[in-house]
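For reference, the structure is listed below as structure tokens.
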Amino acid sequence: MNHLLIEEIVGRALQEDLGFGDITTDSIVPASTQVRGLIHSKDYGVLAGIEVARRVFKHLDPQVTFIELKKDGQSLQPGDLIAEVFGSARVVLSGERVALNFLQRLSGIATQTHRYVEKVKEYSAAIVDTRKTTPGLRILEKYAVRMGGGGNHRFGLYDAVLIKDNHIKVAGGIKAAVERVRSQIPHTMKVEVEVESLEQLEEALRVKADIVLLDNMGPALLRQAVAITGGRALLEASGGLTEDTIAEVAGTGVDLISVGALTHSVKALDLSLDIGEKK
Amino acid sequence: MNHLLIEEIVGRALQEDLGFGDITTDSIVPASTQVRGLIHSKDYGVLAGIEVARRVFKHLDPQVTFIELKKDGQSLQPGDLIAEVFGSARVVLSGERVALNFLQRLSGIATQTHRYVEKVKEYSAAIVDTRKTTPGLRILEKYAVRMGGGGNHRFGLYDAVLIKDNHIKVAGGIKAAVERVRSQIPHTMKVEVEVESLEQLEEALRVKADIVLLDNMGPALLRQAVAITGGRALLEASGGLTEDTIAEVAGTGVDLISVGALTHSVKALDLSLDIGEKK
Amino acid sequence: MNHLLIEEIVGRALQEDLGFGDITTDSIVPASTQVRGLIHSKDYGVLAGIEVARRVFKHLDPQVTFIELKKDGQSLQPGDLIAEVFGSARVVLSGERVALNFLQRLSGIATQTHRYVEKVKEYSAAIVDTRKTTPGLRILEKYAVRMGGGGNHRFGLYDAVLIKDNHIKVAGGIKAAVERVRSQIPHTMKVEVEVESLEQLEEALRVKADIVLLDNMGPALLRQAVAITGGRALLEASGGLTEDTIAEVAGTGVDLISVGALTHSVKALDLSLDIGEKK
Amino acid sequence: MNHLLIEEIVGRALQEDLGFGDITTDSIVPASTQVRGLIHSKDYGVLAGIEVARRVFKHLDPQVTFIELKKDGQSLQPGDLIAEVFGSARVVLSGERVALNFLQRLSGIATQTHRYVEKVKEYSAAIVDTRKTTPGLRILEKYAVRMGGGGNHRFGLYDAVLIKDNHIKVAGGIKAAVERVRSQIPHTMKVEVEVESLEQLEEALRVKADIVLLDNMGPALLRQAVAITGGRALLEASGGLTEDTIAEVAGTGVDLISVGALTHSVKALDLSLDIGEKK
Amino acid sequence: MNHLLIEEIVGRALQEDLGFGDITTDSIVPASTQVRGLIHSKDYGVLAGIEVARRVFKHLDPQVTFIELKKDGQSLQPGDLIAEVFGSARVVLSGERVALNFLQRLSGIATQTHRYVEKVKEYSAAIVDTRKTTPGLRILEKYAVRMGGGGNHRFGLYDAVLIKDNHIKVAGGIKAAVERVRSQIPHTMKVEVEVESLEQLEEALRVKADIVLLDNMGPALLRQAVAITGGRALLEASGGLTEDTIAEVAGTGVDLISVGALTHSVKALDLSLDIGEKK
Amino acid sequence: MNHLLIEEIVGRALQEDLGFGDITTDSIVPASTQVRGLIHSKDYGVLAGIEVARRVFKHLDPQVTFIELKKDGQSLQPGDLIAEVFGSARVVLSGERVALNFLQRLSGIATQTHRYVEKVKEYSAAIVDTRKTTPGLRILEKYAVRMGGGGNHRFGLYDAVLIKDNHIKVAGGIKAAVERVRSQIPHTMKVEVEVESLEQLEEALRVKADIVLLDNMGPALLRQAVAITGGRALLEASGGLTEDTIAEVAGTGVDLISVGALTHSVKALDLSLDIGEKK
């Protein structure tokens, strides 16, 4: 991850919450008071975002000490101590909510991803994310998916080609679309084509698509697609998948299963920051 | 809502997704191709964010026509047409995902809020949000809560006072904390105090707190709190509330119930953008 | 005060003055030369902005040492040593004017506020500021008012409600205006109504306005307003007040007197930065 | 003036005042209501900043119509109609204070400058400003000085050379300082030297300084300086000048008189924006 | 290309040149004067950047009319009329240099690229660029390479993998390096490995590198590499290539030849903007 | 140079190259690995930009140690060690290309400038740059010109007056143009006029232009211009000058020769960063 970008995101989040200042804390807490804050887990899950939490407090005050007791990707259970933050009481109190907002959302994503990954662990299929992320937080949310054991699909419209049905329609066919793209893009990029039928799959294979996205196909069709493809391209299943159906899809032999819900519908992991006297 | 701020959020979200460009669309779709995109609902819910979706496309190209067929706050059912967007195919295809990411998340919040609001509609208690919002999107998420029928708590650490247990500890008591704050803040601001017992509630009332947050109290205690207070302050129940327990809490007579889950754990509303020929 | 915001303001002010560089200093002064700068007062007044002055030099070079010998809010007389700055001669010379521009303006505001506050010190009325501040410096100017012993009115259009005559006209009356606002705003916010007559005051009290702004009323009317209100709302006198008339207004028993001149018409306090050899 | 820079300043000022939104206006005033706002003068003075006021409203909404009835530099008297603004009531009400804050401050500067200029109109000396401007508004304040009939000194540390006593001390003399500067700067720049005695003046003339700043000299000394110089350099009088003493200084024959008070101690010109029905 | 990004680059370039304003033009040219500017070529070359030039003028004033008479990628000869710009004389004069600076540099890149491309046109090898671009202008310079008939290598460190010798050293071998990368990156990305010998090439092919960069190999070695590879990976020749040697390299059968000089050593194409009366 | 501005330029360049992260390095290189990087010259030239290179690495990680072994302005030969950078391998590898891109371009400019300066060293004429710089890098490129022994012309449209033929045409003559400018600009600025004939030169001298730009005149005309002027103004030759013709121009006695090619057509100096084990 590019930490310059994360600093920007953290700085913006703090500005959003602080506005012209934390009027409660600044009025009550003397500048010299020091405290110790303890971040605990109150639920089962997978940690993600500890570095972001650290940067929240450091951004407010580089003098703060932040000690990570759990690492991103580790599993958590209720009562686990995740991190300690020592320093100015004003900084710890003013930064608390922003730090937790990041940490709870990212750990929520890692936890949810981990559940999906566990469901398919007997199969070779990888669980990958989509572009259905929270605007402004994509780099962090895709990181959280990796911490949960998932893989990343492209980061945006710029770093990989995904030819969808509307592109195919405009171009007048898969062949034309792939050829137009190939003449424009860096040689370092793969070409992925979204198909809705086995006929389209075969057309995509003929033009040597590197990856084929099989849109909304049931297990039977997916199995046929795997057989037809015979390793000539990576196959990605997508659309309407839930925790209940994902194992069956993985069993068809596809290489990848992309799941929008990893990032678009997330339950924050329950974490708390408790403040004591600084020892 | 301050639309200058929303333009900034929209611009950032587009930059995040577009990077150096939509290489698929720019390679395949001629600059002159025009299309019509239709945004439909695929689920039951409450709409929020239609203006944000409009700004996404307009930000890419002011020539785009965007027609709203549903308004924020209206209820949706599967198949409902929400909006039409006419214009350059490049713009519609490149903006699609960002527009939906905003619209699905915000409508998800409005929908979830509406469910909570419905549960307590026989009571006078208002459902309000918290600061547990997605970093960078607070202004939008709090708007979505209002569209779902909820109310807003403070927007940040700057626009209202909320004295929590740690502030009280540092100040050496509720009285001292409230007095210190009152001497510093604009006369336009109310003072809210978080209490954990009826003794603390009485102390807060003695110093004329405008609002008292009753932290993690069960229905019996809440009822006593309401009786003790007798209208001298607004009472806000908070902590550990679910859709199942909220009606009972509302029945105790508190004025406000704040629910973090309105914004921290949200299922995106299922919406789609389908592209046809421009008529 | 949110120091992240102050860093931004300081950085912008330095860019404005430095442009592509301080060509005089960079051409003449070797990078290794060290100096000591002494900031003195040349007039009587109240200090405000010492922390901003410190940040100006630190922003240019974190190695600079800045020692505060007076604190914000303290009174000054000609010859008083306010601060010492030690470090690179280039940094001290290049930062001098920007540091003084902040310090002289903010101390000018504190000094002027203090004069108003002194005039009313026998009364309970507080002197408060308005939104008539210099664009871009509001957070600092409102801080300077506090350092002079004044209080702050709202920080902007977002953190408190002030219903003015035009709002009342559009809404069709005070009652309608207050009700519309109450249904939209956070429960943490007070509602202030501007009135021009005692009839309007009574209407505002009937709808339980928290604060009433009495616009341009003379002492006799103000006294009646205080009597009518009987503590049911805070009363704020506003409009056309000068240092000469303010004591009489305070004597009417109003709670607050808002004075635009605290920030819109300010005489910079005369301060100097003298440079000697670094000891 | 670079209008791109002014847009930035205007945008920032609006953000500062609007925060997350004008909660009073947005709650009360329907989006469709249209009004007419009239900006009047309530005092005698010189107008400056009408274009900035226009941009404030246009920045909020390009649909607004803004008609200038007075031009910058024109004199005003109480009751004069300066401009009309037609459009969305929300926009007019939300932009009012920011527009007036700019217009009143800039007109205050133009008015004050004009008073100084009038005092010296029988002499050839020009009244010029300094770098003692409000941080962030220098480009506008220097424009206002021109509108009041004054001239501009350098805009910052980058666009002209001004060698002060500390530079001379470090360099070991005026000659050394001027030579070092001359070897580094663009040939398009003049060199100004600040002197405190006639001996220093002669030294500056010997090294062909283009401009000499005569620091804190009384009329007798200034007259001698003019005689000694004999047109070989521009002479600028500076330091401790008031409206009362400036004519005498101008009478000494100096070319320029720089006055910090033009921008550092300004009384806002009294203007108002009254809102009526849109015809 | 993402035009939002280009607007940012154009805006910054204009700020750099305009500073507080074009003092010459603003002093001399009335705001109402209109002119016609004609952009001509004064040399042979290939055009690139016409859209950027258009945005420079439009950024200053959306009212300007800009008519493109040549398109990017077209060849130019001395005297060719490239574009006409009609509008405010202030805008045309103030924007001229920035528009030409972009257009001359980008056309210089396209022209130089075209020369390289011509040299290898009998072979299948593509000429591609590198990351040796001007800081801040990469998106534009890579576009110019495409306009000259070249192809793009990766846009940055984020959109493709290129494992260099130092990565290999740290990882302890090509195999380890490739495996570590493959476990972390999106499945949409190809893996390129830089090799310095045929042994390394074979190791890279064994781990199925998608692309192999052959660093500083002479024609004989390159030919062997092509034979060994037999189409199992794309082969990219790189290092020390000049216009004189490139045809021989292309003749070896490599797929790609990357040339840093396309962007790091460029002669601006000679263009002029002549101003006449507006018809 | 204003280092705050340079930090901005460096930060932008790093963002451009890093995007969401250096996926190759982050996947392969452990966070704890330390290396030593050595920057060598591979060609003859003049160094410029070593401070910018230092800031690139420091911007990524303040812990990095950067030791300069050559200073800007020093001459280089193949094999010279320019700087050492010690620290995190991730930082050195991720920053390498950006650091070199700056250093090679700026050293290329210094080297080219130095060649021109050498050609005219027997004459008193100074070689100066123009505004034909790379958009966004002007401050750095003009610095590099100074390091190569050249001088700077104005930095932008704001810091000096240059009246060109179009300004003269609009104003109706040189006299009118100069008078209009003189009435508007700071007294600290010189006025330069571009002329195309000796008649125009005489007109410019009559209105006491400080500098006259002699556009595209041959040696004979230039010599006449020098004679006519007789030291009454600085004379600048400009237009169509090459390394071959410049000495003859310098021999005519002009004061300045401006050369666009110093910055618009530059060959990057060949430098390398080699990475070894950290000792």
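Residue numbering begins at 1 within each chain, and the chains themselves are lettered A, B, C, D, E and F in the order written.
Heads up, the rule we're going with is that a contact is a pair of C-beta atoms (placed from the backbone, for glycine too) under 8 Å apart; a residue touches a chain by one contact, two chains touch by 3 or more.
Everything numeric in this text was worked out from a predicted model, so none of it was measured.
Shared contact partners of chain A and chain C, listed by label, are B, F.
For E-F, the matching interface among the pairs A-C, C-D or B-E, defined by over half of the contact pairs being the same residue numbers, is C-D. Chain pair with the larger contact count among C-D and C-F is C-D, by C-beta pairs in contact. Put simply, the C-alpha centre of chain D and that of chain E have 45 angstrom between them.
Distance from the chain D centre to the chain F centre is 33 Å, each centre being the mean of its Cα atoms.
For chain E, residues that reach two or more other chains under the stated contact definition are 2, 18-22, 26, 138, 155, 158-159, 161-162, 184-185, 189. Contacting chain pairs in the structure are A-B, A-C, A-E, A-F, B-C, B-D, B-E, C-D, C-F, D-E, D-F, E-F. Listed in rising order, the residues of chain A touching chain F in the complex are 1-2, 4-5, 138-139, 142, 155, 159. Put simply, chain F touches chain A in their complex at residues 11, 14-15, 18-22, 26, 59-60. Across the complex, chain A is touched by residues 9, 12-13, 16-30, 33, 35, 89, 93-94, 97-98, 100-102, 104-105, 108, 131-138, 155-159, 161-164, 166-167, 170-171, 177, 180-181, 183-185, 189, 260, 264-268, 275 of chain B.
By the touch criterion given at the top, residues 2, 126, 128, 146, 151-155, 158-162, 184-190, 192, 211, 234, 236, 255-256 of chain F touch chain D in their complex.
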